Amino acid sequence: MQLHLSSWPEVEAYLTRSKAILIPIGSTEQHGPTGLLGTDALCAEFLAKRAGDEAGFLVGPTFNVGMAQHHMGFPGTLTLRPSTMIACMTDWANSLRRHGFERIYWLNGHGGNTGTISAAITALYHDTTFGDAAALRCMSRNWWELAGISDMIRELFPVGEGSHATPSEISITRYAYPEAIKRADLMPRIAPTGPVFDAKDFKRRFPDGRIGSDPTLANSGDGERLVNAVVRALIAEFGTFAKA
Amino acid sequence: MQLHLSSWPEVEAYLTRSKAILIPIGSTEQHGPTGLLGTDALCAEFLAKRAGDEAGFLVGPTFNVGMAQHHMGFPGTLTLRPSTMIACMTDWANSLRRHGFERIYWLNGHGGNTGTISAAITALYHDTTFGDAAALRCMSRNWWELAGISDMIRELFPVGEGSHATPSEISITRYAYPEAIKRADLMPRIAPTGPVFDAKDFKRRFPDGRIGSDPTLANSGDGERLVNAVVRALIAEFGTFAKA
Amino acid sequence: MQLHLSSWPEVEAYLTRSKAILIPIGSTEQHGPTGLLGTDALCAEFLAKRAGDEAGFLVGPTFNVGMAQHHMGFPGTLTLRPSTMIACMTDWANSLRRHGFERIYWLNGHGGNTGTISAAITALYHDTTFGDAAALRCMSRNWWELAGISDMIRELFPVGEGSHATPSEISITRYAYPEAIKRADLMPRIAPTGPVFDAKDFKRRFPDGRIGSDPTLANSGDGERLVNAVVRALIAEFGTFAKA
Amino acid sequence: MQLHLSSWPEVEAYLTRSKAILIPIGSTEQHGPTGLLGTDALCAEFLAKRAGDEAGFLVGPTFNVGMAQHHMGFPGTLTLRPSTMIACMTDWANSLRRHGFERIYWLNGHGGNTGTISAAITALYHDTTFGDAAALRCMSRNWWELAGISDMIRELFPVGEGSHATPSEISITRYAYPEAIKRADLMPRIAPTGPVFDAKDFKRRFPDGRIGSDPTLANSGDGERLVNAVVRALIAEFGTFAKA
Amino acid sequence: MQLHLSSWPEVEAYLTRSKAILIPIGSTEQHGPTGLLGTDALCAEFLAKRAGDEAGFLVGPTFNVGMAQHHMGFPGTLTLRPSTMIACMTDWANSLRRHGFERIYWLNGHGGNTGTISAAITALYHDTTFGDAAALRCMSRNWWELAGISDMIRELFPVGEGSHATPSEISITRYAYPEAIKRADLMPRIAPTGPVFDAKDFKRRFPDGRIGSDPTLANSGDGERLVNAVVRALIAEFGTFAKA
Amino acid sequence: MQLHLSSWPEVEAYLTRSKAILIPIGSTEQHGPTGLLGTDALCAEFLAKRAGDEAGFLVGPTFNVGMAQHHMGFPGTLTLRPSTMIACMTDWANSLRRHGFERIYWLNGHGGNTGTISAAITALYHDTTFGDAAALRCMSRNWWELAGISDMIRELFPVGEGSHATPSEISITRYAYPEAIKRADLMPRIAPTGPVFDAKDFKRRFPDGRIGSDPTLANSGDGERLVNAVVRALIAEFGTFAKA
């Protein structure tokens, strides 16, 4: 069940059976020569929709631009300042809290978001502690850290998974958006690795945008396998969280 | 051409032929018993995609939650504070400016956004005037105010168009999302009208969320007609703006 | 009755008969070679005072600096950032709300303020919806859009009214501030028109600051006629709003 | 010379002979049963105008609402949050800096403003130190602390001057606004004194709003004497500051 | 009793006998060739600890970085923007208020902090006046302005006390931190005086960082004398404030 | 070498040999019945000082209040809002950047800070990417995650380490502050574990403030062992970072 395709009476009815919602959250940032700029938001959105449809829980609109400062050397990347992202996430969540939601599960598609997501959740709790805002429980989960997924990724891509523009995330977008598959010669096959500082430094270290990955390994079939596994794990974890 | 389905080299190539981009902007808010919560964002997104695909210009991700404070009496509505929306829009635009974009056309699907959009654009110009940010031109257009569209709407729905949860916007979502058509008995057939103050007052005046509209008039066929007309007018106006 | 010339017991007494107040709001920005920098604030203030004195309602202090970013190419212009103006208007209004005022009518003298005024009003309603702030109703009106005024302006200045440094607003300041009448040769007689982007672009398009206007048409007599008409319309509209 | 009654070419011409401007800054807050709510802004404005007219320097618009939180127990008081006032003052000053002004003299009419004014000035210097904003010098002066004035006040009102709603400030408004003189029986004749905390505490300690003062001593003649003395001292200090 | 060396049950017990706490507040900024960068924070902290230990009241953690924009020309200086300092002080104080503290005494070691401290206190009161935050009383005291101290300083250092990097504050740090005594030839012996604007201007006027002072007069013995006197005066004033 | 005990010429000299600095960062929050409220700040500060003294690098003042919202149910806890902490950390770091520092190593003593620290570092990089701020590299390290430390902790406290008010951190404060050792009967010996949401929920789950830990295991000897090991690992990691 997707919030943006529902009417308000449908959401009102949903609230009589559950106070929990899932918000997909990602980023719009370069993913190397063959990855989609929307990869992180699209993965979270696609996985959330599948799980929500299958298990009957509510999925909110996608938070599609996040913390991507370090990718700003590559055209098309959009980024928020951390203070903006905190303000924005708290506005979304306070709107939901006002309607009676008591559990928000943020399904995250972008590692770079984690710090700021945790800061935003603290800000939300602050209003319960210092003001009279209703109690709210939030959790955030990177989809590749759901139960069993990192093991599966290691099996599918024992070499060349890397940490940005990975074959696993690109496999998912290939499966979900077959009309948007890109091809390019990648040199070197496996991208360099290293620490991440600001955008200019990033561009010097990782000239085509990939970190440690070989996205030529990406393929629709593995994308489907990953989607199925993530959806199963997500339904389980969301279900537990919703009832906690 | 959609930014989130493109790679960074594709955006880099686009920038050699155009410095203009379109951002669909809407809201996630109640649209009466039969309208989708996502109506305003979905209309802007759908119209933008069609026009961008047809005319070959770049369409950014959808800004899907906006100013919907007055709709907060209805479950599922999400709203930003004005200061958050200004911060968020300026972050999106500054990211684009940093990549060399010089024209941003905001295609708006929600009347309640107009004031804050104009405030955000002023904030963007501020950085050019007071700092050394590159010059940027923005324009914002409500899709129903594109050339010829309000006349067309008056012809299609001479009675019952109203101003919120209108048959014209719901026709577009019926055409674009046939799988999400809702039905309900509406009483009265044509909703009351009146001024808009805060959310509690709104709920008292407009108990089912509609203002002056009869959305039972909405239908896919008129949706398609509207989409075609808007897309034509949008391509023309965006083209002029991009070259100005 | 002007708030700044009243004592607190007088305001306390006023509140027993009315919960409504008018705040004049304008801008301090260039108005061409012959217009006063204070035109927009002075017009709103003068019209408000006349109406308040005649009809016995309370007029607050003048909000005298607004959104004038695009006029910053001309010495003497002052501007707020949109976020500052929203913060400032909400502080003024929250102070009034705290004293028991329930209706604030913003009489606006500057078209460039409208977007930000509407954003600020939304911010005020937000505190009622999300917090426990008392309900408040705001409306904002550009004085030239009061009932009958635009028709009158068209009659008085069928050619050369334009949209900035207009003969109508300058007529009002000539009538109100006869000691501050300026003269200059204007070339061309009627200023160019065009879109408004940032301050540097504005200065290029409109080298002497006027947009589409011929302020040599301005005169005290027409100023007086306008003032009388606006005051009548304003008293009527404020009266209705105060009782709504 | 008053900025709001000048045209932009007049300000442009002024800048060729001086880079200094005076901004009157006050408050809109209760001043006891007989003092005007606008006292602090009106005094600063009136004194500034007189001095500017006599000595030919430029006087900006009046910053008419300030820090008056502790007076909020009395109807008609308006107050800014400190962060709003800092944002607002920096926007005014940055606008002036952008036009080439290098000296801003804030003539203050309200003791409660001093802390926040000094914080705002620090914020302005911050932009020179950390960014590339032009150097700017600010000074702030409470009018009753200009050379010789406190001695004069002690002579005029050896008993009953107090610290809020003082006979000296009320004498000035009586002289400047004879049409707005209020009368009331004051009990006790000399108001109590004590520390100032929040608004509720203030109202308990100072039930009619005065602190330590006997405003029945206020009179137009002493107002005129004070105005003349302040204007002389102000012209001298501003002149020195403008050339420093 | 120092909060950071206490457990929460100890603070809970303290709150049953007193609702008052002292927060030392200073700055980290250059203090001339021989003064410690931490002088202002260290003095406030040392004096507070002594007094708290002797009189049994609670001393919170030290607010160790403040308003030092004008010292930024000298390596090692740290500074907050005023808005940051206000936010930070209000967060500290709101945390204490939440636990039931009703009196916060800020012992200040840096003259440049006074304006912003007073703005922050106003912000705290704002939440009581406009919201439902518990009533809170704050006071702020520069240690050299405690009863009798400025007289004592005049006696100890009749010449060369100056106003920054003074022999009195450096005497205290010599007494408190004998392991960190610095020596340098100072030229001129007594530093120049003058007004303080931005950091670049400051560095030009006061090339080694001192203002009007001769810190070669500083010595441990006078430091001890000052400490003893300040501690006595502080205990008295804090005691009165805590009970008021 | 500690910044607050240095003079500005000493820092100037340091900058000729290194552009790197370490900032200890912690929290002031309850640490169970026997842990000090300052534990997290004190550990980071003590470890940093030891390492800086031994290896000759510069240690800045301690950032002593952090993200402790969830501990607010226990008296004495202080917390910042995430936006305040980001503003504050960026002000500290921008001051250092302005003096020529190019590497900031944040030694963190509080797990709850990690998200907000990473958000703040992104904010700092933002100014390099979008503005003309000098490039800066930051890293943040929780002291218990330095090379070899978690293994050592597992050996020292195989049972009862837990995750808050741990025997390892309390051992360090016992070693560093022997004068502040607290004793209490703890029931149960090993505290419960569970997820962390807002402060009220935290207090219900963890009534005495500990999570999963048995701090009766804490002792000075193990504190000393930990300190020695951490200092060694810290010197190594800081050295590498400073030269990178």
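Here the chain labels run A, B, C, D, E and F in written order, and each chain numbers its own residues starting at 1.
Rule of thumb we're sticking to: a residue touches a chain if its C-beta (ideal position, glycine included) is under 8 Å from a C-beta of that chain, and two chains touch if they have at least 3 such contacts.
Just so it is clear, the model here is predicted, and its values are computed rather than measured.
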Chain labels contacting chain C and also chain E: A, D
Mind listing the chains that sit against chain A and also against chain E? C, F
Measuring between Cα centroids, what's the chain most distant from chain F? C
For chain E, which other chain has the most distant CA centre? B
Averaging over Cα atoms per chain, report the distance between chain C and chain F in Å. 54
CA centre of chain B versus CA centre of chain F: separation in Å? 47
Using the average of all C-alpha atoms in each chain as its centre, how far is it in Å between chain A and chain B? 24
When the centre of a chain is set as the mean of its C-alpha atoms, what distance in Å lies between chain D and chain E? 29
Mind pulling the chain A residues that touch 2 or more other chains? 72, 79, 81, 83, 87, 98, 129-130, 132
Going by the touch definition at the top, which pairs of chains touch each other? A-B, A-C, A-E, A-F, B-C, B-D, B-F, C-D, C-E, D-E, D-F, E-F
Touching residues of chain B toward chain D in the complex: what are they? 129-130, 132
How about chain F: which of its residues touch chain D in the complex? 94, 98, 132
Under the stated contact criterion, what part of chain D meets chain E in this complex? 67, 69-70, 72, 79, 81-83, 86-87, 112, 114-120, 122-123, 125-126, 128-130, 135-139, 195, 197-201, 244
Complex contact set, residues of chain C against chain D: 3-12, 15, 28, 30-38, 41-42, 60-62, 64-65, 72, 74-81, 83-84, 87-88, 91-92, 95-96, 98-100, 177, 179-180, 182, 184, 209
